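What follows is a group of structures, each given as structure tokens.
Shared between the two complexes below is subunit A, which pairs with subunit B and subunit C, respectively.
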Partner chain A sequence: MAGFLLRRLAFGVLAVLVAASLAFVLAWHAPGGPAVGLLGEQAAAGQVEEVSARLGLDRPAIEVWAGWMGRLLRGDLGTSWREQAPVASLILERLPLTLTLTAAAALVAAIAGTLVGVAASASAARWPVAALAAFHAVPSYIVAQGLVLVFALGLGVLPVQGVADARDPAMGGVALGVERLRYLALPVAALALHQLCFTALLVRASVQEQMHLPHVTAAMARGRSRGGARWHHALPNATLPVATLTAARIGGLVGGALVIETAFALPGLGRLAVSAAVARDHPVVICCVVAACALVWLANLLADAIAPLLDPRLREG
Partner chain B sequence: MSRLLAALALVTLYLACLVFAPVGALPDLPRQPPLLPPSFAHPFGTDDLGRDQLAAALQGGRTSLLVAGLATGLALALGVMVGLAAGLARGVLDEVLMRGAEIVASLPTLLVAVLVAALFGGSMVALALVIGLTRWPLVARLVRIETMAVLGRTHLRAAFALGATPLHVARRHLLPHLAAPLGATAGIVFGGAILTEAALAFVGLGDPAVTSWGQMIASGFTLLGLGWWLWATPAAMIVLASSLVAAATLPGVSVARSLPVGQSP
Partner chain C sequence: MIPRRTLALLLALLCATPALGQQRGGTAVIAVAGDPGHLNPAISTAGPLHAVAGSLFNGLVALDEVGGPVPDLAESWQVAPDGLTATFRLRDGVRWHDGRPFTSEDVKVSFEQLLLRFHARARAGLAPAVAAIETPDSRTVVFRLHRPHPALLRQLDVTEAPILPAHLFAGTDPNTNPANQRPIGTGPFRFDSWRRDDQVVLTRNPDYFRAELPRLDRVVFRIIPDANTQVNALLAGEVDMLARVSPPDVARLRGRGVTFAEMRSAPGGSNCIMTLGFNLDRPATGTLALREAFALGLDRAQMLERVVFGQGRVAEAPIASGIGWAHAPGGLSGWRQDVAEANRRLDAAGLVRGADGVRVSLDIVHFPAFARWSEILRQQLAPLGVALRPRMMDPAALSQAVFTRRDFDLTLISYCNGTDPEIGVRRMVHSAAVGNVPFSNAAGYRNAEVDALFDRAASLQDDAARGEAYRAAQAVLARDLPYWWLVETDFTAAWRDDFADFAPWSGQVAERAWRRR
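After this line comes the complex of A and B, so read on.
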């Protein structure tokens, strides 16, 4: 098991380097080249050369690439061209928010999706499936806008956008925590709904399948109620695909977080990536890609690691 | 049956966009009185500059159709080639191709699309390229598994015994067999591409010269106080298209279990 995880970790590092290289190639070939992109179209030729030399961009692409990847491997993320600050600190500033958003949405979707799926499995009717499929089809930003209309603008119970102000002196520890939750509620709900519907559909189909298996029939023969058998005997076997699926779709959530961060004006990794790409701040762009990909790979690794805990059959061999 | 209906409805929706949408950019649309609510003359109302919202929505549909169609074609072509090669060759090539597919599949499509849009200006072709180039692993995995499952069957063993080349077997025996699952996968890629394109336009990274549902939704929301239809009609269009894709590709959705697990859009 440890060897397996180690191999996957090594492959993950390779995958992240490939992603970083892809981002490098894209950035390098953007119209006008990196230095012109940074200075703007009106920059004088001498100025462009001077900046290129200062940033070490006057060498062949392959040399620049090798240099960046080498430093990345040693854990040096470089310096932002725009802000003159270490990229690592810029990313670490934004990462917690994106991480919280993604993790909370994944967790909410997994738990609520499982509950909804089990409840829906009790009915043979088609409408729960149709309803879940219909909600699954609504893009997250439309959900976000709908939620804002109802809960923020209509009822006025939750803030429209932004984050809790931690510098507000009136905010104590608990009050600040509650305030943070209030600001995160709508973004998390909007991000989670899509995945929640998919999980619920999966759990419903999976539980219905389990209900016909011998161990469930046996449980009911021993006097378990149908509902009891559903929760205690059918559901546990249906949870493994939920864990795998949740991890496998983290990539989609990370991407979705980007749109949700824009919709709710949240200062997260996605907004950093967009603003850095627009400003041609290539070290930041590449490290955002690295961070996002690392997140996806770690989630998959985590799923592989917890799968044996959920399914004893995977522990052998 | 309902799948067929959904597919037909989707094709009809997009054909209407292709045929009826006025050619030319949105600013060229004839001006009407601004902010008319939906009526018989203007079923989707008019926007704040007096342009017919239905005409704009049809133009947006054409944009999403072009991007999604191009991306799906590219993903299918790449996926079929890689999947067939991996399934037929086995061994080292299979290992290399599938590990490569795994790496590509772990890239967040939307993030890559955002970078390309920000760096290259969000042209429709660049967007279609990004979506196509990041979504082929889904197709490749499916084709590879199906290929391996079919290869052991008697008629293929007979074909190989008669001296058929792998290329011939792929063309005559494997591809016809793959048509149905490929159709469903194409639908998934297509639906994802519609949503990705709209999401980018929503964030403001689409091609500013082209009308898109995502961009109409974003601007409609800020103008919501002036008229609900400015937001509701493009939102309804994208939800309709997206649910038709889902209805056509996820029947009963117990099928979701057998789908290759991929990223959501």
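After this line comes the complex of A and C, so read on.
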């Protein structure tokens, strides 16, 4: 196990460094350039040269890349060009919200997707599959707009955007917790829907397959109702791929969080990455990519660690 | 017995002037499209930064609704008859938010160490004109100029030339100064807190030099990047004011408890004309017949209706109608839409149609927000055999493609003329502005006659005489067509009916605002 974890760790570090290098190449060649991004588009040529020199961008790309990677390996994420603040602190400020959003969406998608999938498995008709596939295909941004129209503007029960009421800074304790949940409800729902549909489709197929296996038919022969057999005998075996795939698709959720954070004006990692990209704040952009890669890698590692706990057969292998 | 007209007038005044009890207090939430990054408005022209910082600082002058200079930190000024000296008398008793007194030294440091070096528009527009800034005493500032600069006063408001505290910035690197993150200004509101990518909170400055202002206790700038989310937040009452609303969103908000203000000016831009720029260095777009065909073939009234939903005017001249004394009414009327004539001129120029009916394919570089413009251009140019290939870029990338690399055939730019042709028109057409300043002479147009007319206008003090020179220049421009001026566009701001007296044309958007209930 230790060897396995070490190999995964080494692979993870390598993957993150490759991703950071790719991000560096893309940022370096992005049209516009950091100086224009930082000074505003009306910056004059002289100003652009001054700022480029101040940032050390007048040196060869390979030299700049080597410097950044060296610092990254030492754990130094650098300083934001735009905000003159340590990149690590900027990322740590935003990370909890993105983690909460993604984790909550993954949890909602896993639980609700499983319930919907089991319910859908009871019908042999094609329409539940068609409906789930159709919802699965709707982009998160459109889902977000639909949810806002119904629950925020139509029913007026949930807020449109943000993490808290801008007019009420004094809130604290339980009330603040409840308020934060209200503000997160729609973003989590919008982010979860795609994964929820995928999970439901997977569970439906899996449960239907299990329903024909001997242990389930035997349970029904012993007098279990069809519904009881579905929940107690077919479902437990059907959930193993759900757990693994939920973790494996965390990467997709992290990517989706970027869109959702913009649509709901949430100050998470995705927003930081977008605003840094617009300002050509390369240290921040590159470290956001590193953070996102690390998150995906951790999620996959977690999935690999959890799988043997769920499936005894994997422990033996 | 009070005459009925007088009574009506008194009633109107009573309704228009809110009672004091209603005027004070409350919070206004204003949406901004991006996080400011830092709050030093003297070293950047970025829009989100100025949207917030405008309420924290002041300029020497402020601009009224029609762009005229009115006192702000300077209570009065005098420009010498030769136009080479401008003397400002500063307001007495102004204090910075940390209690230190405001003096002429603050003005000198702001210009010499910050604005003329780092603020892109001040550096491009003011720096070449300013020879020296003198401070004979703590309340007097004298600008000595190399040459007369009639636009000077209109370039000194809080957006174009905010004044920052010398005691925090003198002799420092302004890019890394900690005060950029916790700003100290003289403005109507003080910095309170900032959650990145979420909101910046400002609170009322009780020592503001305009004693009766501001009326609001707090202003929260809520950072909402998505325009659709901004509109939804306004409808839901989570946001009270949007400084910029697109025409389709105006239609959506109408009749929903929202007040609109249509203006020709917004901070950092006024009297804007959506303009098609031809790259005169390219063979096709360098051909006058092709540019004439554009002028004859395009239906600008249709653009006005379909793209900006009637919010603006078809451009009548190269200088916007908002600068009345310099505008040439009917200056482009020689170009009436005539598609047949446009095709004839293209035939005569030897631009023959291929088998697919296309005479020439041109790329058009523009911001993503102008996609509707390029689409309608594509539709209208198809009958002429001109095919457009849109290339959408963000501002930084477009600036490099058009002004540095000159890698484009056509570009769509909303050129804001400013409140004086010296601010926003000279940069478009003067040969000295080719290639050295972004958003300047995109066409690469060089004409000695136009240069001389603009130089002459800049050397005069009298607007009537200056107007003559500008009108003569516009006649040449209408003949040479380095650009085709499409539509003068207005800015629309929107706020909930609970509020009144926002000033969306000014950097200090909430200085006078108040909450009705």
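In the analysis below, the second predicted complex is superposed on the first by the 285 of 317 C-alpha atoms of A that agree within 3 Å, B and C clash if a C-alpha of one lies under 4 Å from a C-alpha of the other, contacts with A are read in each partner's own complex, and residues count from 1 in each chain.
We take it that contacts are C-beta pairs under 8 Å (C-beta built on N, C-alpha and C of every residue); 3 or more make two chains touch, one makes a residue touch a chain.
Small disclaimer: the values here were computed from a predicted structure and weren't measured.
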_So in the superposed three-chain picture, is A:83 touching just subunit B, just subunit C, both, or none of them (first/second/both/neither)?_
second
*Taking the superposition as given, does A:91 touch the first partner, subunit B, the second, subunit C, both, or neither?*
neither
*Thinking of the overlay built on chain A, is A:287 touched by subunit B (first), by subunit C (second), by both, or by neither?*
neither
*So, does A:161 touch the first partner subunit B, the second partner subunit C, both, or neither?*
second
*Go through the superposed model and pick first if A:267 touches only subunit B, second if only subunit C, both, or neither.*
second
*State whether A:255 touches subunit B only (first), subunit C only (second), both chains, or neither.*
first
_First, second, both or neither for A:240, with subunit B first and subunit C second_ = neither
*asked:* Between subunit B and subunit C, whom does A:188 touch in the aligned arrangement: first, second, both, or neither?
replied: neither
_Contacts of A:278 with subunit B and subunit C, given as first, second, both or neither_ = both
_Those residues of subunit A which subunit B touches in one complex and subunit C touches in the other_ = 30-31, 37, 145, 262-263, 274, 278, 280
_Help me check something: in the complex, which residues belonging to subunit A touch subunit B?_
11, 14-15, 18-19, 22-23, 26-27, 30-31, 37, 129, 132-134, 136-139, 141-142, 145, 149, 194-195, 198, 201-202, 205-206, 208-209, 241, 244-245, 248-249, 251-256, 258-259, 262-263, 270, 273-274, 277-278, 280, 285, 288-289, 292-293, 296-297, 300
*Along subunit C, where are the residues that touch subunit A in the complex?*
27, 29, 34-35, 37-38, 44-46, 118, 120-121, 123-124, 175-176, 180-181, 195-199, 201, 220, 222-226, 228-229, 232-233, 235-236, 238-239, 393-401, 404, 436-439
*Can you check the complex and tell me which residues of subunit A touch subunit C?*
30-33, 36-45, 47, 54, 82-85, 90, 93-94, 145, 148, 152-153, 156, 159-163, 165-167, 169, 262-265, 267-268, 271-272, 274-275, 278-280
*Which of the residues in subunit B come into contact with subunit A in the complex?*
99, 102-103, 105-112, 114-116, 118-121, 195, 198-199, 202-205, 214, 217, 221, 224, 231, 235, 238-239, 242-243, 245-247, 250, 252-254, 256-257, 261-265
